[in-house]
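Step one of this worksheet: look at the structure below.
Per-chain numbering from 1; labels A, B and C assigned in written order.
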Amino acid sequence: MPNKLLIGLAVLLAAGFAAFLGGVFVEPPAQAPSALAASQSAEDFKAGFALDASTARLVESLQATLEANPKDEQSWALLGLAYQQRARETGDPSYYTKSGGALDRALRLDPSDSLVYSGLGSLALSRHRFALALKLGRQAHALSPTIARNYGVIGDAEIELGRYRSAFRDFDTMTRLQPSLSAYARVSYGRELIGHTAAAITAMKLALDAATDTAEPAAWTRVQLGKLYFNHGRYRAAEREFLLANETFPNYAYALDALATTEAALGRLRRAVGYERRAVDLIPLPQYVATLGDLYRVAGRPLLARRQYALIGAIERLLRANGVRVDLEIAQFDVDHGLRLTHALALARIGQRQRPSIDGDDVLAWALTRNGRCGAALHYSQLALRLGTQDAVKFFHRGMIDRCLGRHAAGRAWFRRALALNPRFSLLWAPVARRYAA
Amino acid sequence: MRKLALVFLVAAGATLLALFVGRLAPSSSSASSHREAPLISEDPTADNTDLYAFRSPDKPNTLTIVSNWIPGEDPAAGPNYYTFSQTAKYNIFVDRNGDGRPDLTYSFRFKTPTGPYFLGNTVQNWTATLNGKPWASGKTPMDNIGPRQQALAKVRNYETSAEATIVHENGVAIFAGQRDDPFFADVGAIFDLVAIRKPGTTGNKGGGRDFLSGYNVHTIALQIPISQVDTPSHTIGVWSSTDRQDVVVNGVVHKGWTQVSRLGEPLVNEVVIPTGLKDLWNRTSPANDAQFEKYYETPILAAVLNKLYKVGAPTTNRSDLVAVLGTGIPKVTYTGKTFADELRINLAIPPAAHPNRMGVLAGDNAGFPNGRRLGDDVVDIEEQAVAGFLMGHKVPLGDGVNGNDVPYLTHFPYVAPPHQGYANSKATTA
Amino acid sequence: MRRLLVLAAAALALAAPVAATAHPLGNFTINRYTELDVQGDRLYAVYVLDLAEIPTFQARAAGGVNGAAYARRIAAHLHLTVGGRPAVLRPVRHELAFPPGQGGLETTRLEILLAGPKLEGRSSVAVRDGNYADRIGWREVVVRGADGARLVRSSAPARSISDRLLAYPKNLLQSPLEVSSAQAVVDPATAGGPPPALISPQLLADRVGVRAVADPGFARLIARSSVGGWFLPIALAIAFFWGAAHALSPGHGKSIITAYLVGARGTPRHALLLGATVTATHTIGVFALGLVTLSLSQFILPEELYPWLNLVSALLVVGVGVSVLRWRLREWRHARAHARGHHHHHHDHRDHDHSLGARRLLGIGISGGIIPCPTALVVLLAAISLHRVGYGLVLIVAFSLGLAATMTGLGLVAVGARRVFARVDLGGHAVRLLPAASALVVLALGIAMTVRAFPHVT
């Protein structure tokens, strides 16, 4: 036998050995077709009986089913999705790991179940792996083109990747196929992005009405509606929605954080700090911790503020070690607080590459501005505002760019626009805008 | 040197092969700043749970249609109480000529007047149209939450005040509001791969648990003079659906209505239609049901029953099921050759003096699958039908639950009053 | 045969990577475990508090974790009732440790032994943990009886499913426990029993040591406030020690070196050469990466480069493995051809051998040293920011020397083992196949490393 062939064989042998070592073999589906059909049928029964809207109970019943029959692919898929919903409800990230495990099991049992790919897609979205989420969403869609959920996964990924026209089309299709809370909320977001505020509020109210009897999604929808109000300076209306959200789903970090910002806007700093502390205790997301730090700073407690800022560094390291991409969030924090500006610019570039949405563009623009590169910043700011979004923060950044480039009149106009839209758009920067707008 | 390069290539190729087969390690993460709207598929307030059609036993010249929505209403759930969705349209259809298209369309819309949330304001105003024209309006009774709330609303007897909301319009009696869930089934046993509880290996001798015992639903009930719906063949088809508004990102705010749920024959969506097609099924109208006919001809449930209990159910060419569920029982409920999922009823057959829960399978032709009465045990009937009853292959299957937890009313709206939240009874043994 | 197996097992063990795992339940959880022990006639409680990375960080920032203070506070919120009446739980002892977690942060493990009342006759006991009530985390309650005490009935299990928060179950069908109370009826014995034991610090260190990722001792050297004259040699010694210790943690191609030397008829000189190569490569690698970090920091993050470095190193190993394999095969055919008496030409294998051998040694040495230990990088960057560049450089060289020393040591062991093998007559086939087998192992490990490295690059 020629040398080459022997070597090739040896290499393949080694590769096999390595693959075994690395555990990358995929187990073949272990089920016989009829057993699959049996579990499918059980699933069909289950799907019809949405007895108890409580996710915790659904999780329990699925766990019991799987203990008895570990090869029930449909149950693994449903469990994977249920775990994701539990993660939203409890904030406990170990549910995401479990969700991934359950969906992987389902995938091994049946590599052609659209629902599994869809679930893996939404998991990828949670980890900010938007390109992967898009791929998985498309796979799910290819397997089952008539399911509305897949359009949601695809559309969400497209939004974060800056492909807005495609995303809006997908949201439209999603609504056409199955109008529901998920679809309405996404249409509302689309309308918000193109600056149609009243229409966005209408759509979010439709979502809210379709949310009855589902606690966390209803609370989430209320918070979104409240944020729509907040972003347009309607603080009392916003507060009402956030309080109702907290009634619907007590101890909801998302609502508590929103309440904190609103209380601060209404001038009630101590209450704001109380709410934000509760949010941070529940789920220490970087943006919550940053807000708490800023609240402390504005309230005149610099030592406590510094502690929160230090915590963000720790959280960033941990999230990164866990494979969650947070470059954009960290860049935004650093730039806002004037920390390690050069490093923050590098992070912003990376973040914008991973997330070429208008938010990514805006963070990069701001980072460039704070590093004195206002010419380059202008380009990204224009990108960030290209949809016509009514966003005071983006207006403010643009004002700073114009001011930096010497276009003071234009800058002042942008500052005034920002303040007219939302007078308290930022704890740190709204006062600056007010100063420069005069 | 070239050999080395070649070997390198082979090595790289093998590596890549191994790679595509591999996966990223799982990692934990938390919800983050990008917008994460829910992706759940539950929409309880639009979810059709059951549909009944029968000649009223106390008024045999009327047809009663009962349509239920919102599964599993926990009577004690608060502070958000159950109501019809204010942005959905609730429909009941009657097909009189067997073409799968509605000839009579009753559509309801509900509006909750603004009021204090914490009193659980569950009284809603409703308006109804008939074939698109304004027809009737009324109010729902409040949800049955508890004695204090009733005292606040100056209600002495819940049922009396509930029935006082019944509206009469052009001979038709109309009720809309919360009721006890009249469906009975051992859903837990069905979950468990059609396991059937003892005693008796094939379970139709009782011993099951009514999983829906203690839960409420929301009902729209119509009592229609037969003269308004009758046909020369006396057979009609009935189904029910829910629509939600269709909207787009960039365009007119309200574009139109999309159907999100529908129901004709019981358990078809759950048992016959594959999971991957449920979304499609839910938005299809009966006139386009021919695409699903093959799933009736080769029902998966028959294969499951054979695998689990070796009952010898025929698994292919089930024209009997196609007939019963899709076109009507010959000479009894046949409406024509159009295959459509409708609950068919023969209005010429009088109500039975002593109804048998097994309906036609027990010789009681006034019961399911000729229409559907509240007390008909559709789970047992369908299981036995799938096992081949109508082809002469009789297997005594059942889920062990033979009746509802509370007795039905003997007058309109027939569905029992809703369970009270304060008393909080749920899921007891049947 | 057995020695071969042992060596193979050792090689595989060294090759098995230990991933840096997060706190198993999430970086911001506060996990609590309450155990009621009825020892004879006396009630004790063991409470375990497991703070993940973020709560530990927050506690440190707010003034540190004082075991005694925490124990008192926890005891105050641990509500015990006996026979319906509140009873006191007094903290007696505690063990506090900070097992390393992810991202260079630490977690906290506090075990507290609390003494409760003496029980007279059958008693109903109930316990409720009110600590950190609205924080996310594992909550588990266990009730046990020992030394003659008997549990008549209990709402809690008698054994922990998490081994007192040391090993959280990875069962996909188990939601995180959320139990913070329990009730039981217990028949105490007539005499008292010894209090339950807490975990020993040594055992704790052993059990959670596998989660160690960083070399905290080394990193702390650069930040010492005073670097006086007599301290410098000590610092160098410490750095050397940490480098040596670091080499024992997974990575740096120890298994590859071992496998290669066993198969390549290595001499002690080869082992020393490998060591020197690793030292040089590692030092250069740290400096290079440091330079890149500083100058290109606007565009590239060091973290982004690591995956590429891993990939390059892996491909190098693959290359070496293939090259060795080719050589072995050619040798084998040659030997067979000889045996059949086919050809007569001269060989210059010796020279061929040496030049190729040197190149291969270099390849392996480079692959072993090319990945700068993150700690070393941190030290360099810290040195620069603290304006102690010279000190930093010297520390890194000492660290690299320590690293190399371990690798050389291992290499010498491998060489020695090979010599032992050579003396034992394993029979013709085994001896002839061993070099090829070792090449195969090197190749396999190289491919495994490549496969592992690839996903992180994308």
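What we mean here is this: a residue touches a chain if its C-beta (ideal position, glycine included) is under 8 Å from a C-beta of that chain, and two chains touch if they have at least 3 such contacts.
All of these numbers come straight from a predicted model, not from anything done at the bench.
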Identity of the chain that, by mean CA position, is farthest from chain C: B
Geometric centre: closest chain by C-alpha means: A
Centre-to-centre distance between chain C and chain A (centres being mean Cα positions), rounded to whole Å: 33
Chain B-chain C separation of Cα centroids, rounded to whole Å: 56
Cα-centroid distance, chain A relative to chain B, in whole angstrom: 35
In chain C, residues with contacts to at least two other chains: 22, 26-27, 322, 326, 443, 447, 451
Residue list for chain A, restricted to those that touch at least two other chains: 3, 7, 11, 14-15, 18-19, 22, 24, 91, 93-94, 101, 283, 322
Overlap residues in chain B, where contacts from two or more other chains coincide: 3, 7, 11, 14-15, 18-19, 22, 24-25, 27-28, 30
Touching residues on chain B, where the partner in the complex is chain A: 3, 6-7, 10-11, 14-15, 17-19, 21-47, 70-74, 77, 79-80, 82-83, 85-88, 117, 187, 190-194, 211-212, 215, 244-250, 253, 258, 260, 267, 269-280, 282-283, 300-301, 303-304, 307-308
Residues of chain C that touch chain A when the two form their complex: 15, 20, 22, 24-29, 53-54, 57-58, 61-62, 102-105, 134-136, 172-176, 297-301, 303-304, 321-322, 325-326, 329-330, 333, 440, 443-445, 447-448, 451-452
Partner chain B, residues of chain A touching it in the complex: 3-4, 7-8, 11-12, 14-15, 18-19, 22, 24-26, 34-35, 37-53, 61, 65, 68-69, 74, 85, 87-88, 91, 93-94, 96-97, 100-101, 104, 114-115, 118, 122, 125-128, 143-144, 146-149, 152-153, 156, 159-160, 168, 171-172, 175-182, 184-187, 189-191, 194, 196, 199, 202-203, 205-206, 209-210, 212-218, 220, 224, 244, 247-248, 283, 285-287, 319, 322-324, 326, 328-329, 355, 359
Contact set on chain A toward chain C in their complex: 3, 6-7, 10-11, 13-15, 17-19, 21-22, 24, 56, 59-60, 63, 66-67, 79, 86, 90-95, 98, 101-102, 105, 251, 278, 281-284, 307, 310-311, 314-315, 317-318, 320-322, 342-343, 345-347, 349-350
